[in-house]
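The two complexes that follow have chain A in common; it is paired with chain B in the first and with chain C in the second.
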Partner chain A sequence: MTNQDEHKEGIGGMINPRRYGVERVAYLLMRLSGLGLLAYFIGHIYETSTILKGQVGWNEFLELTQTNAGHAILAIVIAMCVFHTVNGIRVMLGHGGIGVGKPARPDYPYTPASQNIRHKIGIYSAIILAAIAMMYGLTVMFGE
Partner chain B sequence: MRESIIMKIHYGTALAAVALVAVHILMRLTQGFAESLQYDSVITNYKFLPYAGMLEIILILLSIHGFNGLRVILLELKQGRAYEKAVSYGCIVAIIALIVYGSRTIIMVNTGMM
Partner chain C sequence: MALTSGLAENSPLSSFQLITLRIARYNPEHDSAKTFMEFQIQYEKWTTVLEAILEVKKYFDHSVAVRYSCRQATCGSCGMIINGKPRLACFTKISELNSNIITVEPMNNFPIIRDLAVKFERLFDTHHKIKPYLIHDDNEITKDTKEFLQSPEELEQYIQFSNCIKCGLCNSACPTMATDSSFVGPQALAQAYRYVADSRDKGKDNRLKIIDDSHGIWRCHFAGSCSQVCPKGVDPAMGIQLLRGYMLGFRS
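The block that comes next holds the complex of A and B.
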C-alpha cells in the first residue's frame, strides 16, 4: 500500500473524523447538519406549497409526513437544528476573537490556544443540547 | 463582494433566523403540534399579516444563509476561477428561485388567491 500524503486525500480526508480531535468532528457535523437542514428547508417550502391545492391536497401531503418515519426524520432535523445553532454561535464567537486565548510565542508542543477547553465545552454542549431537543421533539410528536 | 462582508451577512442572517424560527416553532407548540397543522389553522396563520410577514422574512434569511453555506462547502472542496463563479452564480439563482417559490405560497394564501 502506498503512503499517501494526507493533504491529497480529497473529500475522504476532509470528512475523516478520527484525526484532530473533537474540533474536526464539530467541523464535520456542522457541514452535515447544514446540508441536512438546507435539504429539509427546500422540502418544507415544497410541503407548505401543497396548501394551494386546497384542504384535500394539504391533508394528503400531511398524511405522508405524519407517520413514524416522518416523526423520526423531524426529530433528526430538530437535533441538526439545535447543534447547528449552538455550534454556529461558538464558531461566531471564535471568529470574533472571544474564547480563543491570547496570542503567544509558539513553543513546543505547539498546542493551539484557540482549541482550548472553553471551545471543547461548547462543542460537547451543542451535542448534548441537540440530543435533549431531539428527545423533547420525540415526546411532543409521539405523545399526541 | 468581499468574503468578509459575505460572512457578516452569513452570521447576521443566522442570528436573525434563530430568533424568528424560535417564534415559528413556538407557534406550533402553543397551539398543540397536531392541531397547528390542521388546514384551517394553517390558513388562519397565513392570513394573519404579521405572521405571514415573519414567514417571508424567515424565507429570505434562510435561503440566503442556506445557499451561502452550500457555496462555502463547495468552495472548500474545489477551487478555480470558472468553478467558483459557477458555484456563486448558481447559488444566487437558487436563492432567488426558492424565495420566489416560497413567496408565491405566502402571498397567494394571504390574499386568498387560491
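The block that comes next holds the complex of A and C.
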C-alpha cells in the first residue's frame, strides 16, 4: 500500500507546528535541533580531523569559524544545544511518567492533564534559555 | 461548485446564518486527486457539522459518503478533519469554529473508502493486538468467586482510559502515525495502559512485551496531539507515558 493509498499526512503533516499548540512546536524544534546538532557533530569531527594535514591545514579551517557566518552558525548551535538539553530533560521525565498528571475521571471540556502547566513552563523555559544563550554567544563572538 | 440551501433564507424572523461548507470528494477507484464541493448551508448556533453534512446529503447531493451513527459522541463513527483538525462531526458545533468557511476532509493516516469515510481495519487490528480484555489465571476463579472487587482508588487508575470510543482522532493527529505505517498508535497504546493499570488484570508482562517493539511504544515522542483532539478526555499521551514508566522501572 503506498503512502497515498494509506492517506498518510507524511513529513509535511509531521512538521506542521500550527495546529496543536506549543507542545507540537516543541516537538518540531526538538527534531530540528537534534538534526542540527548531528550535522554540527559530523562537521566538528571533520574540522578536528584537519589536524592530520598539519598546523597549516588546521589553521586554515579554523579561520572559517572566525568569520561572521561562522559566528552566526556557532550561535545557532549554542541555541540548539541549550534547547535540546532543557527540553530533552522535560521529555525524558515525561517518558518516565513523571509530571504527566494522574489518571482521574475526566470532566468536560476535557483539558488533558498530560499537557499541564509544568510542561508548558518547561517548553517556554527551553526556548527562552536557548535565546539567552544564543544572544550571549553572539555578544561574546561579535564583541571581540 | 457552490449550491445554496433555500430554506427560510429570506425570513425576517429567522435566526439562521449562512456558512460555506467545503466537502472533500475523492473516490480512490477512479479519482486521481481530492476535490472540494462547496455548499451554502444555514445553521443555528447549536447546529453541528454532521447536521450540516446531512443537510447537504438531503437537499443537494446524496452521494456524499460519510459514516455516522449515534450523533452523540458515543459511537466514534464520524471522525474527520474539520478546519484542519481531527474532530467528531457530531460533537463539533459550527458556531464554535468561528469561521464562515467550514472545510471537512477525511481523517489523515487512514485509507480513504470514499469522500469522508475511511477504513478502520488497521485501528481495530492494533487495538486487538494489545489484547484489550482482562487476562487472569484460571485458578483465580473458584466456585465462591463471583466478582473481582476493586477499590475506588484502583478504579481511578484506569477508568479514564476506558472512555475510548475508537474514533481514531488520536491516530489521525499523531505525528509518528503521519510517517510510520507500522506504528501501533496512541489509541492502542492508551488501551494497553488501561488494561495494565487494572488491578484485576494479570497480563501486564504479556502486553508490555507486545508494545516493546521498534514500532511500538518507543516511537511515541510525547508531542501530545493525541490528547488534544480526544473528544472523550482519554488523554492517550498520559497513558503512554505512564505505560513507559512501567517499562523503564519508574512504576511497578
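Methods note: the second predicted complex is superposed on the first by the 135 of 144 C-alpha atoms of A that agree within 3 Å, B and C clash if a C-alpha of one lies under 4 Å from a C-alpha of the other, contacts with A are read in each partner's own complex, and residues count from 1 in each chain.
By our rule, a residue touches a chain if its C-beta (ideal position, glycine included) is under 8 Å from a C-beta of that chain, and two chains touch if they have at least 3 such contacts.
Remember, predicted model here, so these are calculated numbers, not experimental data.
Shared-chain residue A:52: touches chain B; no touch with chain C. Which of chain B and chain C touches more residues of chain A is settled by the count: it is C. In the superposed model, A:115 lies in contact with chain C only, and not with chain B. In the superposition on chain A, A:9 makes contact with chain C only, not with chain B.
After overlaying the two complexes on the shared chain, residue contacts for A:38 are found with chain B alone; chain C is out of touch.
Counting contacts as defined above, chain A residues 11, 14, 95 meet chain B in one complex and chain C in the other. Those residues of chain A lying in contact with chain C across their complex are 1, 5-11, 13-15, 19-21, 23-24, 27, 30, 91, 94-98, 100-101, 103-108, 110, 112-115, 119. By the touch rule above, chain C contacts chain A in their complex via residues 28, 84-85, 106-112, 118, 156-161, 163, 173, 175-179, 181, 197, 221-225, 227-235, 237-239, 241-246, 248, 250-251.
For chain A in complex with chain B, the residues that touch the partner chain are 11, 14, 31, 34-35, 37-38, 41-42, 45-46, 48-49, 51-52, 54-55, 58-59, 62, 66, 81, 85, 88, 92, 95, 140-141, 144. Interface residues of chain B, counted against chain A in their complex, comprise 7, 11, 14-15, 18, 21, 29, 32-34, 37, 39, 42-43, 46, 59, 62-63, 66-67, 69-70, 73, 76-77, 98, 101-102, 104-105, 108-109, 114.
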